[in-house]
Amino acid sequence: MLFHVRMDVAIPPGLDVTDRVAAEKARALELQRAGVWVHLWRIVGRYSNFSVFDVATNDELHDILSTLPLYPFMKIEVTPLATHPSDLAAQ
Amino acid sequence: MLFHVRMDVAIPPGLDVTDRVAAEKARALELQRAGVWVHLWRIVGRYSNFSVFDVATNDELHDILSTLPLYPFMKIEVTPLATHPSDLAAQ
Amino acid sequence: MLFHVRMDVAIPPGLDVTDRVAAEKARALELQRAGVWVHLWRIVGRYSNFSVFDVATNDELHDILSTLPLYPFMKIEVTPLATHPSDLAAQ
Amino acid sequence: MLFHVRMDVAIPPGLDVTDRVAAEKARALELQRAGVWVHLWRIVGRYSNFSVFDVATNDELHDILSTLPLYPFMKIEVTPLATHPSDLAAQ
Amino acid sequence: MLFHVRMDVAIPPGLDVTDRVAAEKARALELQRAGVWVHLWRIVGRYSNFSVFDVATNDELHDILSTLPLYPFMKIEVTPLATHPSDLAAQ
Amino acid sequence: MLFHVRMDVAIPPGLDVTDRVAAEKARALELQRAGVWVHLWRIVGRYSNFSVFDVATNDELHDILSTLPLYPFMKIEVTPLATHPSDLAAQ
Amino acid sequence: MLFHVRMDVAIPPGLDVTDRVAAEKARALELQRAGVWVHLWRIVGRYSNFSVFDVATNDELHDILSTLPLYPFMKIEVTPLATHPSDLAAQ
Amino acid sequence: MLFHVRMDVAIPPGLDVTDRVAAEKARALELQRAGVWVHLWRIVGRYSNFSVFDVATNDELHDILSTLPLYPFMKIEVTPLATHPSDLAAQ
Amino acid sequence: MLFHVRMDVAIPPGLDVTDRVAAEKARALELQRAGVWVHLWRIVGRYSNFSVFDVATNDELHDILSTLPLYPFMKIEVTPLATHPSDLAAQ
Amino acid sequence: MLFHVRMDVAIPPGLDVTDRVAAEKARALELQRAGVWVHLWRIVGRYSNFSVFDVATNDELHDILSTLPLYPFMKIEVTPLATHPSDLAAQ
């Protein structure tokens, strides 16, 4: 099941998050290899991304998002996705 | 080059757009086959979609969007995407 | 899986929707009996409701919502819900 | 009488609220056992919840909410609920 | 129990609501005499009012509001009120 | 002359305002006794109130509001009120 | 007493308001001559104005605004003004 | 003097504006040749543009904008521009 | 040339700006005497003002605003004004 | 390919960014000389600018923006631009 997720990151001025950023990247790569984090794009001009997650349940998605190393500094918007009637793959 | 596009469709009450909807679907399938309209998801609960387009220029994207049969009834938001540093494919 | 849904209904002035309203009620009762539409509350002062749906997938939810008789006159906001760590039932 | 409540929690960076969080959970469980806090769901991707309270008066609700341990860090939106004409239980 | 209510009225151009306006006034006077509609003020420069209602339950308030003759043309915002700790009458 | 005032109080984390809160209450009681602060209600779930002031001029209202002890921590919205044509007292 | 007023005019497409516009202008000139409508500026690029009215009471202002010929097509925002401590005239 | 202008065009459904669109284009070309309308870009995905005008006074700009053939169907936002300290031409 | 300016001042808690406030007042008086800052009104209930400036160019206005002593703590909105067709002085 | 960019700069109170500002200016001049940063205007009354960039790809634009010395203190909005049908240069 697919979910569209927008993440806007805002780090308080002066806070060193180097370790967290590295941990975030490692976790993101891990989830992409697992086929859970299926799309991850940078929004031009912002410390933000659009992502798509493929998970079995809402709870699974919340567990993933809320344990991301940068979660405390993120504003997250989750939008559930359904199959579009004009989706080529769905014809 | 990837662009994230949100389309919200609002048809004026009483207007018959059956033909336009069919033409929209045909055009969407055509663009997906051409590898231009690379993702198309329905936003649950809305006559809206999140899409991703792969185009060479801004002009090409505008020509595509502004000639969609349902374009006159769409509110469209375009966000340019860049490669995310944690994108598995970009490692 | 639970989804929180807000529905705001706006009927164009002068349009007779008596039949649709009756069909909407019948459908709502049917979905409640089926255990899908698990909560349905009226927002005081508005032609709106807060609801909770229990469905297996996003697609199922979209099919339900988009085929509601009053769907063309609804603004719908869907929020996926997860288990709260302080939920008594989850202890 | 039912009230729909949305709580968005924002803890200032660096502030240790471990005790408050524990106290919040204990209080939430207590209120759920008392049948006052009748629904409590986590909003996926956010330190937020949708809740439903069953109280006798507005004052009772405000006393409950304003004495929650995490209240100083909460943005709260309260919406009074009425019986929906299509509520199965109300037929 | 007190509820603060804001009503913004918007009549579609060309629609004659003379009768409804008269019926609205009669109903408002009736509810004020009954001690239910306890405050009713005109917002300067707008076809809007701030009101305060004294009712026993949410359902009672919704029944009153949703049966107002001008209800179909109103945007209504309801805010439950509690006793303020500095309210002179509450000392 | 009546003015509707909404006050939202936000105290910076860690700042001790006990004295100010006490002074605010004393001032509020004083103004109520003087018939200036004619209504004061707590908005359920928020450190906010709806109030109504009866003053002779805009300047008088601004002097009162801007000298409230908690003024530096308040977001204030002032709406001038006029007599409503359906106000019972105005018939 | 001074009030800042913003008026945004929106005429429904196809409606002939020539007479109303003429009546509006006559009324505006009349009120300016009476020293009530003390400032009237066009907002560049919009069918809108910023104005300042000098009236004795809120009711007087509402009567003036609500009887303007174009009132039914106006969105109006009223902001009460007080003397600014740095106002040269107030030194 | 430079002004940044955003124009969003919304044509009521079913209204034929072919002549107006042609007149708008002719006028735009005329103003560009006159060095007044100095930049005109299409916002991708919208019937909107960002423009920059070079005019002597606010009044001149309002006269130009408010006499554009499509003006009745435009939402316009005007932002005055000043020389940026890092503008190469201003060094 | 007239510009409408709204200034909202927000001083970070605990910061002593007494000198700046005095300097701001002196500068405001100076500009008023010079006929540049032609109107300055306090918005009731807020540390904000509506002002009107009479300047020759946008650059002049920006230089004035951006060198105000309290500028670093101000949110400023500038709206260019044109002569209103119903302005008595313009007849 | 042209992109419209709005940058709003907000420096935390008390933070000395003199070096960054100088570095930002140097970088801006460099990019203007390179024909990449093609327009740069100050928004009157704000620490903000409207700019237009001419780049080959989204990634190039993001690299430029995200490495600007003041980037950590900027809110940036990017809007892709297309050729306007009434653009004189495009006739």
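Read from first to last, the chains carry the letters A, B, C, D, E, F, G, H, I and J; within each, the first residue is number 1.
Operating definition for what follows: a contact is a pair of C-beta atoms (placed from the backbone, for glycine too) under 8 Å apart; a residue touches a chain by one contact, two chains touch by 3 or more.
The structure displayed is predicted, hence computed values, not measured ones.
S.K.: Would you pick out the chains that touch chain E and also touch chain H?
M.R.: Expected: G.
S.K.: At what distance in angstrom does the C-alpha mean of chain G lie from that of chain C?
M.R.: For chain C versus chain G, the centre distance works out to 44 Å.
S.K.: Distance between chain A and chain G based on Cα centroids, please, to the nearest Å.
M.R.: 50
S.K.: Measuring centre to centre with CA averages, how many angstrom lie between chain E and chain F?
M.R.: So the centroids are 21 Å from each other.
S.K.: If you average the Cα atoms of chain F and of chain G to get two centres, how far apart are those centres in Å?
M.R.: Chain centroid spacing, chain F to chain G, equals 27 Å.
S.K.: What parts of chain B, by residue number, touch at least two of the other chains?
M.R.: Expected reply: 2-3, 42, 44, 58, 61-62, 78-83.
S.K.: Among all the chains shown, which pairs meet the touch rule set out at the top?
M.R.: A-B, A-C, A-D, A-J, B-C, B-H, B-J, C-D, C-E, D-E, D-F, E-F, E-G, F-G, F-I, G-H, G-I, H-I, H-J, I-J
S.K.: Residues of chain B touching chain C in their complex?
M.R.: For chain B paired with chain C, touching residues are 13, 42, 44-47.
S.K.: Would you pull the chain F residues touching chain G in the complex into a rising list?
M.R.: Checking each residue of chain F against chain G gives 1-3, 57-59, 61-63, 78-83.
S.K.: Under the stated contact criterion, what part of chain I meets chain J in this complex?
M.R.: 3, 5, 12, 15, 58, 61-62, 65-66, 72-73, 76-78
S.K.: For chain D, which residues count as touching chain C in their complex?
M.R.: Touching chain C: residues 2, 4, 24-25, 28-29, 32-33, 39-44, 49-50, 52, 79-88, 91 of chain D.
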